[in-house]
Amino acid sequence: MEKISHVIVNPINSLNLLSQSEIDKFTHSDGELFALFRHCALAILNTDSEKDDAAQLIADYSDFDIRLIPQPRGLRLELFNAPPQSFVDGKMIRGIQEHLFSALRDIVYTDFKITSAQPQPSSSAQNTNTVFRILRNARTVNPGGPPKMVVCWGGHSIPREEYDYAKQVGYALGLRGLDIATGCGIGAMKGPMKGAAVGHAKQQIKDGRYIGISEPGIIASESPNAIVNELVIMPDIEKRLEAFVRLAHTIIVFPGGVGTVEEILYLLSILMDPDNNEAIPLVFAGPESCREYFMELDRFLGASLGEGVKHHYRIIVGEPNEVGRVVKEATGEVHARRSEAQQAYSFNWELQIPLNLQEPFIPTHERMAALDLRRDVPKHKLASNLRCAFSGLVAGNVKAFGIEQVRTRGPYRLSGDADLMSSTDRLLQILVRDGRMKLGEDASDYQPCYQLAD
Amino acid sequence: MEKISHVIVNPINSLNLLSQSEIDKFTHSDGELFALFRHCALAILNTDSEKDDAAQLIADYSDFDIRLIPQPRGLRLELFNAPPQSFVDGKMIRGIQEHLFSALRDIVYTDFKITSAQPQPSSSAQNTNTVFRILRNARTVNPGGPPKMVVCWGGHSIPREEYDYAKQVGYALGLRGLDIATGCGIGAMKGPMKGAAVGHAKQQIKDGRYIGISEPGIIASESPNAIVNELVIMPDIEKRLEAFVRLAHTIIVFPGGVGTVEEILYLLSILMDPDNNEAIPLVFAGPESCREYFMELDRFLGASLGEGVKHHYRIIVGEPNEVGRVVKEATGEVHARRSEAQQAYSFNWELQIPLNLQEPFIPTHERMAALDLRRDVPKHKLASNLRCAFSGLVAGNVKAFGIEQVRTRGPYRLSGDADLMSSTDRLLQILVRDGRMKLGEDASDYQPCYQLAD
Amino acid sequence: MEKISHVIVNPINSLNLLSQSEIDKFTHSDGELFALFRHCALAILNTDSEKDDAAQLIADYSDFDIRLIPQPRGLRLELFNAPPQSFVDGKMIRGIQEHLFSALRDIVYTDFKITSAQPQPSSSAQNTNTVFRILRNARTVNPGGPPKMVVCWGGHSIPREEYDYAKQVGYALGLRGLDIATGCGIGAMKGPMKGAAVGHAKQQIKDGRYIGISEPGIIASESPNAIVNELVIMPDIEKRLEAFVRLAHTIIVFPGGVGTVEEILYLLSILMDPDNNEAIPLVFAGPESCREYFMELDRFLGASLGEGVKHHYRIIVGEPNEVGRVVKEATGEVHARRSEAQQAYSFNWELQIPLNLQEPFIPTHERMAALDLRRDVPKHKLASNLRCAFSGLVAGNVKAFGIEQVRTRGPYRLSGDADLMSSTDRLLQILVRDGRMKLGEDASDYQPCYQLAD
Amino acid sequence: MEKISHVIVNPINSLNLLSQSEIDKFTHSDGELFALFRHCALAILNTDSEKDDAAQLIADYSDFDIRLIPQPRGLRLELFNAPPQSFVDGKMIRGIQEHLFSALRDIVYTDFKITSAQPQPSSSAQNTNTVFRILRNARTVNPGGPPKMVVCWGGHSIPREEYDYAKQVGYALGLRGLDIATGCGIGAMKGPMKGAAVGHAKQQIKDGRYIGISEPGIIASESPNAIVNELVIMPDIEKRLEAFVRLAHTIIVFPGGVGTVEEILYLLSILMDPDNNEAIPLVFAGPESCREYFMELDRFLGASLGEGVKHHYRIIVGEPNEVGRVVKEATGEVHARRSEAQQAYSFNWELQIPLNLQEPFIPTHERMAALDLRRDVPKHKLASNLRCAFSGLVAGNVKAFGIEQVRTRGPYRLSGDADLMSSTDRLLQILVRDGRMKLGEDASDYQPCYQLAD
């Protein structure tokens, strides 16, 4: 395996100076912080990789190492045995170099300014404040321009056809001067950025923003693509989701797998919350080949959350230019509304995100059993509970923790309406059929891993 | 046919103010100048068109019109019945808007400052001076940075495979911080720019240059693509070629048709001139599928100009990244050499281009007969003569003027070595076979339209 | 006398590349062009000098020399025996360096593009076109921002009190975001710029403009001050005046000597022209100590040109901040008017300037006798004639040419109204008394050097 | 008294967005934080005031008020009854506007990120870290350019002659591309900035830095001058001094009063510390009229700290250009040394500043008696102790607290060498004689307020 055995990476202005105590703590800590940085750095250097097997990456580069060398104008990095694709003729690609220092910035900031100072348990407002402060420190929120941030979600491992479609949508967005934020890997996270870059070029826009938001648990399987010109590492998956939602002026969801469905339920739980009359425009978009996918999704959402849910999103199949037009118009309305109400453009403070959406859901039998999945639960609560149930059922089929739970303690017992669960089953079956959810090697079919409680 | 019936285009700072006498002359002239601008403007608005049928374009938009309206901050344009693809939601794409004003700038400048002042006939030095002054006025030559301009030639109507290859080469060049100049249409003229734009984005280069150089006779069939961020309209085909050669720090030739072969002979005539020891690095590059094409080209050049010609170029098949590496290295050597010799980076004054290469060749029987095509002619002369002969033979097969000449006066009579002509025939046959030269409707085969003089 | 014996000055980007033919013509000409440049360069290097004795300067630096060395990125200058005040620790002050290249730019441009191409005699429109083209080439007119150019006139050799006042006015202008153009020497030409620079600094304005407009005949006695960040060398005194008038959005005249009075008459001749309803706001301003000066000036203008002349200017004594307020307001009105009328902001094309104001007046007896100085001459004509007469009377007293004329041919004979001439006499006497006009060594009093014709 | 009764001040990009919790805490706190901001804001608006009577200012503007209004793009301020000199035609001067938001930034940051989180008592390293973090948050330390920061100290209430001299030195520094940091009031704190601004203008330097560092206790009597383009409010006088010392690449001390002498002793205590072999170049400079002042100072320092102290500074009388040359050279040496040693340019981490120099000295009899003022104390300690003694003696003569201490408890009792104290007396007498230390109204002479302990 080709590796860059040794290379020095010069400091970049975008990283502000670290204080001596920060450097000391970082380099002489028990190593946890540094290990986190090394992990993220390796993932970043693995840019544009088509593989999403994090374990393999870590194994392949077990001899990868990194050292920090203070310099008059900042901090120099020394790398050993780095993946070669971040280099051109032995010199690191500038975009990747900036990502490295962004990761360093976020990890240091999060640990020193936030984690160490924060009382536990944290309130919803505190969590939001943390999200804000990390983004502000990364200069991702700033009081600059008008609303034009389009958040794009969707699968990272998608067929060529869907990738091309995402690129066409990105092009239509870029031509309209809109910026892009995604989860920063490949697939639906790269396509819109790449398209937007061409659109921006044609409009002679030099300051187009391609924001990638990642977190340590996912970065290794979704290496930031090099179009990303602002990389932010949030401390966990929930803060990453909240960052997207508070930065977004419009959200587009491209087709994806079970993760994408969870994100949709997360988002709908927020949008349906009666406290949130401040809607974020939401568009589901995909190529012709995804028509059935969206029909099924639409049916599932209507069946489980009521027909009212359909006011919260719009489905566009094909017609990437039309997606651009609709999103531009919706973003313009957000602009008008927020300007009228004197609300910040760059961070949506008004949105209520309850504590349960800010915290991880761990699918033990107890937590699964405690979910209330009946139709008469308020819709936004039901969306949130469904998201947890959905997450648990996926885990029971494909994740080590969930499979083990089910093996030792039997199927999850859920309490709720039977038809609600059956429409969930149906959606999962379709995801499996379409290859959007990968079962273990010896399983060929999705098997429900739950029973309804009496 | 969809048209934008009426739109106002605001002035752009890159167009400097016109004086009153310039505006007057432009708008109240007998109309020739204005007709030229209208023609170029229509071609520019037809951006990204896949069609290269200029006559069709002109017919389709016979009702296209344009008006100039002076404004406090410059000049506003009013358009009627414009092609729709230059607009997004009714607003002109900024890149296209700049192209319009560039065309205006060059047409006004060329006519007012140069054509009207220049004595006839012009000397070689005067022609070069004209090329320089138009480029300087367009700010395309400026004393700014180090040598990094890569000129790319090749066909505009090429298969997907070759387009993708050109894009990959462009990407490899962009990653290395090199800029691109091409003839500014689609195909091999768009691919390298599009690839370089992505490469530049990854390197966070914001001032990448994508120079398109066109001329009125060709712009309608090769509409500038919107990636072009510096458009220059030279007054004729020979000055356009000279502009390329004097701006280039390295030249890449992708596969193309007969026009590309003519350009290669033009360039080799310059490079083989004993007065020019100041070589421009030259690379022929194409995907695997073009291996035979280059073999034939190489054979033709060797057979006609002697094996020594092969010192002047390098052929790379496949390996786009290797092309990037080689070109970067060659450009670095040009940098070193010109720095050492205290020569301008942005315009190659040293190169001798004789008058016959600066003037059009019209394939009458007299001029064809006058070409000396014998092996003992000095090689750079022979290359120049071959270019003319080649051009005449193509005309005799596919251009109205040439076909008519041959129909009324019989085959051209050429004086020269027989094997030299037969290797030319062979190349032409291959170009026809590969679809790189399109014969008339009723002809299925290339037919030599000449006889060797005794 | 301290001199910098040898120094190399590097090229500056603001000078665009010269073509080979331009460099050749410039360096190998019969030397006239080069001598002109050497003369201007010496004057520029003599920056901030308190002395205005051009002859002395030229004598002191008879060994000053300059050489041009072409470079990859432009043109390098080699200087010998240069005045030291343009250097700090052996390195040329950047502002001065830019002035040198500006002079080179203007001299080359004027000669190559204009003088050599222009038919003689020139029309009024051609002269205006020449002024425009030189300014455009210097990028002094450009389609950029809103009207905010304040032209300041007045003496360069003035008492401290008046200099401080000019600085205070400049400060008040700078605080209001206005730019300054002056004749670019010291005194009333430096004060407003220096004040404006501080005002701009407080307003955090980084792109404040300090335009100095000179011409070869005057530059040696009025070396550009180093605050000037745009220097333009016009070919003669009349084009310099026209440049001021066409760039100005408001004009302030500070107290000065006979030259200033001539400029006022020039300007009033334009403003009173019935063809020019497009007024330029005009303010006479000075410190308390100048109250009488302005009273006399006001009386002279009223007495000679009628009370109506007073509508064309406003006198403010003291109150520098009030001058700033009034000028800002007047400039705002110019903005509104020109925007409404769709007229260019950066160059006043509408103003009519007749040929006689564009050409030098040489005070021979014939031309003096031909001036019609009667009250019933149209006022704008009378202003123009008075300007010539005034210029002649000054020459007859203090300039070599005029003194010689009077010595050999007797007093000038003027035809006109007696009281008109006596108010002119009176003004001249006051200028002499106040030290604003310096008589020869052996003369202690102003002596009228004319007789009224019968 | 003229006041601006009501005005809205728009947000400025340099203030990053505040989080909701920051705004809440700031506006709804018990008012302490807000009162601090109101105090600083009033001082800032009082810009360029010649008066340094803080109490008078506060009394005059007892009705001054300020309100914060959150906005889509930041924070708007609403002011009531503000001093008029910060406004031009009713609009706030941009520089002042930035100062207001800088004060807000520093007060919020210091309170939220530092004071509330910091354990007490703090260590020396913690104090240094606090200084760094406030400066970093203000973007005053950043990894940008080479060392060129010249810190200027000296009196704010000085004669015209000394002010002009400081301006000339500033001009010489600006011409050499050096930046300025001062205490940000008038006098020796404004002169160097104003001079440097002109020097920078001549060198066409657009990003010259004029850093003003203040603290709440002093800002009202030393309102920031409007040339300051980076204002930092440190939380107390000791952190302000430390900020100067760690930012400085060279320090110039102009003549001043007792405060200036204290600062000199503070600085020498650091420079003479055997732990600090990393010297900061130090120049004492003043006009001819200050020759005696510096002679006396030099004598005092030699007499009290030994002749070795003279290696740490250089005295230049007159010759402002020579000061510029010397400082430029010294700064170049600092550059070389720090580059060689790989030390940060923008913050001097290496310098040891002991805790006693980081904490305020309150002149009670106990603390005065505890000072060891004998010759055999290590010199850097002695300098520090002398600084305290000096500060106490000044307080005993002119400050409310000190006078009261002496009135109720008798003269301070100092233990140390008699001649050391008598040379201190002598210096104080000269300061009084020269009007550099103002005694109370009924006292005409300096009276020593101490006795030597046996």
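Worth pointing out:
The letters A, B, C and D name the chains in turn, as written, and every chain counts its residues from 1.
Here, contacts are C-beta pairs under 8 Å (C-beta built on N, C-alpha and C of every residue); 3 or more make two chains touch, one makes a residue touch a chain.
Worth saying up front: this structure is predicted, and the values here are computed from it rather than measured.
The set of chains touching subunit C and also touching subunit D is empty. Two copies of one sequence, subunit B and subunit C, touch each other mainly through matching residues, since over half of the numbers at the interface are common to both. Look at where the CA atoms of subunit B average out and do the same for subunit D: the two points lie 65 Å apart. Subunit B and subunit C have Cα centroids lying 48 Å from one another. With centres taken as mean Cα positions, subunit B sits 46 Å from subunit A. Contact with two or more other chains is made by no residue of subunit D. All chain pairs in contact, by the document's touch criterion: A-B, A-D, B-C, C-D.
Against subunit C, the residues of subunit B that register as touching in their complex are 11, 13, 15-17, 19-21, 70-74, 113, 117, 125, 129, 132-133, 136, 139, 141-144, 338-339, 342-347, 349. Those residues of subunit D whose C-beta lies close enough to touch subunit C in the complex are 88-89, 93-96, 98, 175-176, 194, 197-198, 201-206, 226-227, 229, 325, 328.
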